[in-house]
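Chain lettering (A, B, C and D) follows the sequence in which the chains are written, and residue indices restart at 1 in each chain.
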Amino acid sequence: MIIVMNPKCSEREVKAVENELTKQGLGVNLSQGSTFCIIGVVGETRIIDPDKILSFDGVDKILKVEEPFKKANRLFKPEDTIVNVDGTLVGGNHLGIMAGPCSVESEEQIIEIAKSIKESGANFLRGGAFKPRTSPYSFQGLELEGLKLLKVAKKETGLPIVTEIMSTKYIDEFVNNVDVIQVGARNMQNFDLLKELGKTNKPILLKRGLSATIEEWLMSAEYIMAGGNENIILCERGIRTYETYTRNTLDLSAIPVIKKLSHLPVIVDPSHATGYWYLVEPLAKAAIAAGADGLMIEVHNNPQCALSDGQQSLKPALFDKVMKKVKVLAEIEGKTL
Amino acid sequence: MIIVMNPKCSEREVKAVENELTKQGLGVNLSQGSTFCIIGVVGETRIIDPDKILSFDGVDKILKVEEPFKKANRLFKPEDTIVNVDGTLVGGNHLGIMAGPCSVESEEQIIEIAKSIKESGANFLRGGAFKPRTSPYSFQGLELEGLKLLKVAKKETGLPIVTEIMSTKYIDEFVNNVDVIQVGARNMQNFDLLKELGKTNKPILLKRGLSATIEEWLMSAEYIMAGGNENIILCERGIRTYETYTRNTLDLSAIPVIKKLSHLPVIVDPSHATGYWYLVEPLAKAAIAAGADGLMIEVHNNPQCALSDGQQSLKPALFDKVMKKVKVLAEIEGKTL
Amino acid sequence: MIIVMNPKCSEREVKAVENELTKQGLGVNLSQGSTFCIIGVVGETRIIDPDKILSFDGVDKILKVEEPFKKANRLFKPEDTIVNVDGTLVGGNHLGIMAGPCSVESEEQIIEIAKSIKESGANFLRGGAFKPRTSPYSFQGLELEGLKLLKVAKKETGLPIVTEIMSTKYIDEFVNNVDVIQVGARNMQNFDLLKELGKTNKPILLKRGLSATIEEWLMSAEYIMAGGNENIILCERGIRTYETYTRNTLDLSAIPVIKKLSHLPVIVDPSHATGYWYLVEPLAKAAIAAGADGLMIEVHNNPQCALSDGQQSLKPALFDKVMKKVKVLAEIEGKTL
Amino acid sequence: MIIVMNPKCSEREVKAVENELTKQGLGVNLSQGSTFCIIGVVGETRIIDPDKILSFDGVDKILKVEEPFKKANRLFKPEDTIVNVDGTLVGGNHLGIMAGPCSVESEEQIIEIAKSIKESGANFLRGGAFKPRTSPYSFQGLELEGLKLLKVAKKETGLPIVTEIMSTKYIDEFVNNVDVIQVGARNMQNFDLLKELGKTNKPILLKRGLSATIEEWLMSAEYIMAGGNENIILCERGIRTYETYTRNTLDLSAIPVIKKLSHLPVIVDPSHATGYWYLVEPLAKAAIAAGADGLMIEVHNNPQCALSDGQQSLKPALFDKVMKKVKVLAEIEGKTL
């Protein structure tokens, strides 16, 4: 951490900052440039609250040298994390392909889709039981009934299930019934929820927030890891920009950036990122080519009856076609499914 | 609602959409342009899920005519909502000035600040007990102990208290001890929390999400109102952009836009929006001049000891100076404090 | 085009809008909903200035049905445009791979790089002679001397050359000496320049502006096409967001969106989009997988001596490795180089 | 400037960077932290090209200590710049109020508006002769004929005229006929144009680019100043965000930020920023309260006949009302008109 003092700061002000830092056990390295006095801080700087230092008189700005995340940092754990979901692996050279409907609607629907996506090569079944909807007047999901139907589909197909949690209230139900607990984009900084999930040892799928920086996203992973749960799969799902032809802007550069910064696996959701089914195929392929550890894709046997997100769902036949292409690219990348 | 069909759509596809709409009790108005076939939908269109319609074959896009919010909509309630917090009013020509420290730190601190801001003219005491921090290694607030200290400060000064809730877990404590429950930017779309707050009749301060559109923000208000609680004060606190000289970009045009779209009162938080104390005064004044119904300002008696957000806090003497200027502008705008 | 009238508009106001439209030879289709009166406009609506209509009393908003671009619109020219640069094709199933240094620095440098990239499979040489630099104190390019050196390199290798124009002042020099004239992101809406380029018949490489929507980008292509020059290659080079780990956010969804909206070829520049050489390989591969018609990649024989953008340049050996992988993906996509 | 080396960098790599810096006459200050080796650079660091340093092996990132602009920097010229336009001052405590139509349309129109805005208190007449329009099919302005009409209006009223330049082609006409040359948002980084304007001594109104950072905006001012022309008035006109209820998001925090960073005057254009006439009054007032040095407001005697931007123009009577309120706020701020 580097502290830049105001060009007009007094010696007394510099001294006050120095004292604060040494009081916290940190080393200090003063350097006077032509205009600016600069304080280099040496030691475990993650314990310092930059906001506090900025409130000292004479401090102009703080420049960060180290990343604020530690457990998620590849610097301290160079090898890839491989998340093991009851024997199905995600990370390293193992792809996780999570497919299924936006919302679980009925036993018939979820079983039919589960069988179909399994046949096409998916190794996880995703489906929403609790749905975060922008409007209170939209369908909110089957809730606990939805979890039950997912379990039935799992029993039929053997596919582990991934579904979104929206509140700490249901943590026990999720821990007992779900294989991968998804934290949605809107809850990426629901810190209470992250803390509670940190106390479990369930694999967590952590979606990037609607306008989260990569650093904030990794800090949310750090929240869970700080609690003791290191089974985290990150999921890029597009960020908000001013572009209106797509729902969000899928940020595929996040994949190689995450690979450099962190050891955690990262998958891509082209369905939510783009909002249109015709964009899923090209971006699913692009994600694999960019090095993603997997995909999350919406598949629905009858999009016109879908109670949510119909226009971004693939029909099973199209999903099957996409998977054939994904497999070719996966092989080129040295990944197995 | 207007449905634009694909230029190459078939008559059968148009018919299928028409049938779906009439099945839902809506009127339909077909119009064939030079290239596009357009379906105008007449009736209570808020019940339609646009995602579902978009999944019909041949549908190109949907154009929204009506706003998706209803209870928050000024069209259906033209007069200003005035929120009554135990006799202190916010909205109409009544300004709510909420001041205090980012975090409650000690009894001495909170009482001293409460007395000081009251003398300067604030009519609410704000202070964080539960703190949403980006890093799990930062100070997380005094939690329930913080609520107690706020109550002591209220007893000393009579100022109603505003503090942030972060989880449904503590709703009862908040309902029993707090005068205005704040929903922070990161929880603006924590729909479970919004639903629970809709069941209480406590005044809610609803901050705009980090990258929420005005429509999404009003839809979050609608979530609370749909549950029966219409005591909502909106709070603009800056949106995320690429600009780095300020923490966020304060969107003051949101004030007159909200005034046109909704009857709910809207205040401005220049402290969090900008991140720097020297920007608070000009933007507090600008907010009042733009028609805001109040302000939320961080004040700390000793910013250098602040456990969070020190660099954006005003010292009491500067807050007092800002308030003198705010009062002059308030009078010009016909507002009372 | 759909005109939504204010819920409280008068019959006189509706009539005034109707008159204006019929005066311009357009058909009008009135429809009165529960709250809103809606005017559907039939005919060649691209001639209407929406700003003018919005200034009529009683008009609330305008909803666009048709895209505002015509010559660039795939609706009116369904087959892919293939740009022919003296026999080298871009578009359809022909990939254009443009490589070379950010700045032309010397004859030796540009010839060495040109030979090297040709051997690796590039079919265009790119290099900056006129450089748009944020700081007036940075190297501004060799200017006309740079054009000469590019021509020497073309003579040596036969590679057609692509270089950026920054002013109408040098249009003749560019037309006479350059094979593809590049319009940089900062000049995407330099309308005077676009108009002048529309009068030539040179192939134009039109980069997307730093924060341009896809619609604005296509409208800039339309400016050139309206002048009579339809030889346009679009180039996605990242858009500005709040993310700081990358210089810009590469928007690969723009590729399939453009393919749907327009017949023009579109290539991707992963070097400028990301700003770091280590991100070029994964995103170059992703671009091809997403359906791009080519790539623009910075290659430098000695990045540490590069007078600009050194950190985003590949060394020739790495470029060669990237090209081997690109070729594999191109073949899968049915593209030839 | 601070250079952060890669945690795994070699001594040889550090040495290579050091050599490069000392070769350029700069001082070097090495500091080895727990993980990172840091190189502090002392001296006139503005001459270093950060991109070049980043291309050295082992360099991880560069942290900026000094602002990259010099002539525009308040550090080196603490007192406010007051731009003198033939006796009318802008900056310090002098407000510049620039009003008039988006486009000059006819002699009658521009004279009538000029008289009317003068009576309401404006001290500059603005009007577009060359218009940057997104669509090639929209009205492009009266061009040179428009300049003539502006001069007639100036002769009638004595108001100095402000109008936008779009190309270096007409620089002489602008220098000879115009009092303040406006550089529009889309040309903020048209560096060729900036360089040419730097050679004149005409006052320049430099609008902020659609998605320009404050630093880039000041660097564009620096381009003009580096050429010798220091008569610059900055103009905030909104930045692009994802919000759709307003055309752009007006960034009023830019006003006090600019005041801290630079000595140049800065005015606000609430008409283009918001896109709607009903938002002009509240944001014009807010701008003055935030410390702006003036306003640019669209006024049209007959918005429905306006050939461009009708919906954001005020009618003269409303402009007069706005000006009365602006004057009250200006007086409070100690500004004269």
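We adopt the following convention: a residue touches a chain if its C-beta (ideal position, glycine included) is under 8 Å from a C-beta of that chain, and two chains touch if they have at least 3 such contacts.
These numbers come from a predicted model, not from an experiment.
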Problem set entry | Length of the shortest touching-chain route, subunit B through to subunit D | 1
For this session: Please name the chain that ends up farthest from subunit D once chain centres are defined by their CA atoms averaged.
Result: A
For this session: Report which of B-C and C-D is connected by more C-beta pairs in contact.
Result: C-D
Exercise. Rounded to the nearest whole Å, what is the centre-to-centre distance of subunit B and subunit C, using the mean of the C-alpha atoms as each centre?
Worked result: 39
Seminar exercise, completed: subunit A and subunit C have mean C-alpha positions lying a whole-number Å distance apart equal to 31
Seminar exercise, completed: Rounded to the nearest Å, the gap separating the Cα centres of subunit C and subunit D is 26
Seminar exercise, completed: The positions of subunit A in contact with two or more other chains are 211, 240-242, 244
Problem set entry | Contact footprint of subunit A on subunit D as seen in their complex | 2, 4, 7, 29, 31, 33-36, 38, 40, 42-44, 63-66, 75, 240-242, 244
For this session: Over in the complex, which subunit A residues touch subunit C? Could you list them?
Result: 211, 213-215, 239, 241-246, 249-257, 260-261, 273-274, 278-279, 282-283, 285-291, 325, 328-329, 332
Exercise. Touching subunit B in the complex: which residues of subunit A?
Worked result: 16, 46-47, 49, 51-52, 54-57, 59, 68, 132-139, 166-169, 186-187, 189-193, 195, 209-211, 216, 219, 222-223, 226-227, 240, 303-304, 306-313
